[in-house]
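Take a look at this one; I'll ask things after.
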Amino acid sequence: MKKLLAAFLLGFIGYYLYTAFAGVPFGENKMEVGKDYLETTVPKTGAVNTVTSIVVNYRGFDTLGEVTVLFLAATGLGAILFGMKGKPEDKHREPSSILTTGAKALFPIIVLLGAYIFIHGHLTPGGGFQGGTIIATGVLILILGIKSFHANHALLSVMESLAGITFVVAGILGLAFGKNFLENILPLGTPGQVLSAGIIPIIYIAVGFKVGAELAGVLDTLMSTTRGEE
Amino acid sequence: MNIMTIIGMLLTSLGALFLLLGAIGIVRMPDMYTRMQAGTKATTLGAMSFILGIGFMEPAWLIKTILIVVFIALSNPISSHALARAAHRSGIFPLSRENIDLYKKDNQEDKS
Amino acid sequence: MILLQWTLTPELLYQAGTGILLFLLVVAAIFSVVQKDLLMAIVGTSLVSLILSVLFLLLHAPDVALTEAAIGVALTTAIFLIALRKTGRYEE
Amino acid sequence: MDTFYYILGGILLLALVIAAFRFFQGPTAPDRIVALDAMSIILTAGLAMLALVFHRFIYIDVALIYAILGFMGIVSIARWMEKGI
């Protein structure tokens, strides 16, 4: 009876959502703001990928806030789990030699792929967050595949701090040249080239390194809590 | 329609056929290890052939599709191997009449 | 008479394929919610993100599809699995 | 040419649905994971085909990411099952 009532309620809500959204013309070029962005993005910012130019150029301050939120989450997790070890009876099985060899062979390829994604952020889909996540996945395969692997936390925090400083300095330089915070100060170049779109590649490289270092640190901290003393 | 397009259509058709056969094998086989046989080898060959065929149909994409094929050939066997080993270690044994399971002996020596 | 006009047009085939993918998505989500074995629930969420990425690409949103592929395939699965190791496999 | 694309897409969808049967039915955990592995490979091929159908070169990046990251989920689940994580 209860399940029947829930199904009935879901059908009711679904029907009214359908009738509400059936008349909305999705995907048509009728919205004024979207049309304006699509027309003026390439001459104004020099980036071919409109999504990237909106995320980094028009709303760059928002991206800085997102990176800060991720940094706070990683720091809080490290503070809670600091020094926590697994129980000694948690025996760990070693990975097979095929997995170890595969992890060592695939790690450089995955890191190269992540670097490709965030360097070409203004040309192809993707950007700093996606590239950083792919680099963290590369660290994950090392953790899974190599016996008693531990990431170098000092190196990770230095990388993360340098990337964050680069982002903020790129914003302050806009103020120093008499413009707004995070406004473009570099020449735009030809749209479609790698070295174009002004400040976007620099910010995306910084975001990529920062996100990759943070997520790798999170994974290593979490993984060290399930491993017993060896 | 030139020769590259025809080669591409043949390769994609072959790939789709192998993907379909692999999927049928997953449902029809009696045992987990034989299912894995169908579900990893046939689908790996199918996907490699399919994506190479797409590269032949659009010759400007050929380098990137060959890159995808190389990645599939590198990464897919590792996951199949890890899965088979994990299944054996979590206590699932093959259905066989003669009871030949050499990996079991290896595993017991490994444990001690 | 209306039924006779339903020949196999490209739009109809496109919508049928999208409908099959959407149906699989909903079934996988329900599977991962009602499952008592929590490992299987994690596998179900992995399948959900797999199908969702293809649907985003069908809607011409390659940025979102790439994000879903990069995050949903490996990282969330690994983090859920670490949490599952610290708790228990079966739900009471 | 369009007819050829529709036939290919139909075969891929059929394979996906057949593999999904084993995923929802499979008696033990590794059966379902084998089905998930097969479905991820089929969907990688499907993503590459969508890039061909839409004639956009940049869409094939998504298939590239799937080809190299798709196995990581399977490896982590397998390492969990043999008490590796």
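When the chains are written out, they are named A, B, C and D in that same order, and each has its own residue count from 1.
Basically, a contact is a pair of C-beta atoms (placed from the backbone, for glycine too) under 8 Å apart; a residue touches a chain by one contact, two chains touch by 3 or more.
Keep in mind that this is a model prediction, so the values were computed, not measured.
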item: Contact-richer chain pair (by C-beta pairs counted) among A-D and B-D; value: B-D
item: Chain A-chain D separation of Cα centroids, rounded to whole Å; value: 24
item: Centroid spacing, where centroids are CA-atom means, of chain B and chain C in whole angstrom; value: 22
item: Centroid distance [mean C-alpha coordinates] between chain D and chain C, Å; value: 11
item: Contacts with two or more other chains, residues of chain A listed in rising order; value: 93, 99, 106, 109, 117, 125-126, 134, 137, 140, 223, 226
item: Chain C: positions in contact with at least two other chains; value: 62, 65-66, 70, 74, 78, 82, 85
item: Multi-chain contact residues (two or more partners), chain D; value: 16, 29, 33, 58-59, 61-62, 64-65, 68-70, 72, 75-77, 79-82, 85
item: Interchain contacts (touch definition) - all pairs; value: A-B, A-C, A-D, B-D, C-D
item: For the chain D and chain B complex, residues of the former touching the latter; value: 4, 8, 11-12, 14-16, 18-19, 21-22, 28-31, 33-35, 37-38, 41-42, 44-45, 48-49, 51-52, 57, 60, 63-64, 67-68, 70-71, 74-75, 77-82
item: Residues of chain A touching chain C in the complex; value: 49, 51-52, 117, 125-127, 129-130, 133-134, 136-137, 140, 215, 219, 222-223, 225-226
item: Partner chain A, residues of chain B touching it in the complex; value: 71, 74-75, 78, 81-82, 85, 89
item: Contacting residues of chain C [partner chain A, same complex]; value: 62-63, 65-67, 70-71, 74-75, 78-79, 82, 85-86
item: Contact footprint of chain C on chain D as seen in their complex; value: 2, 6, 9-10, 13, 16-17, 20, 23-24, 29, 32-33, 36, 39-40, 43, 46-47, 50, 54, 56, 58-59, 61-62, 65-66, 69-70, 72-73, 76-77, 80-81, 85
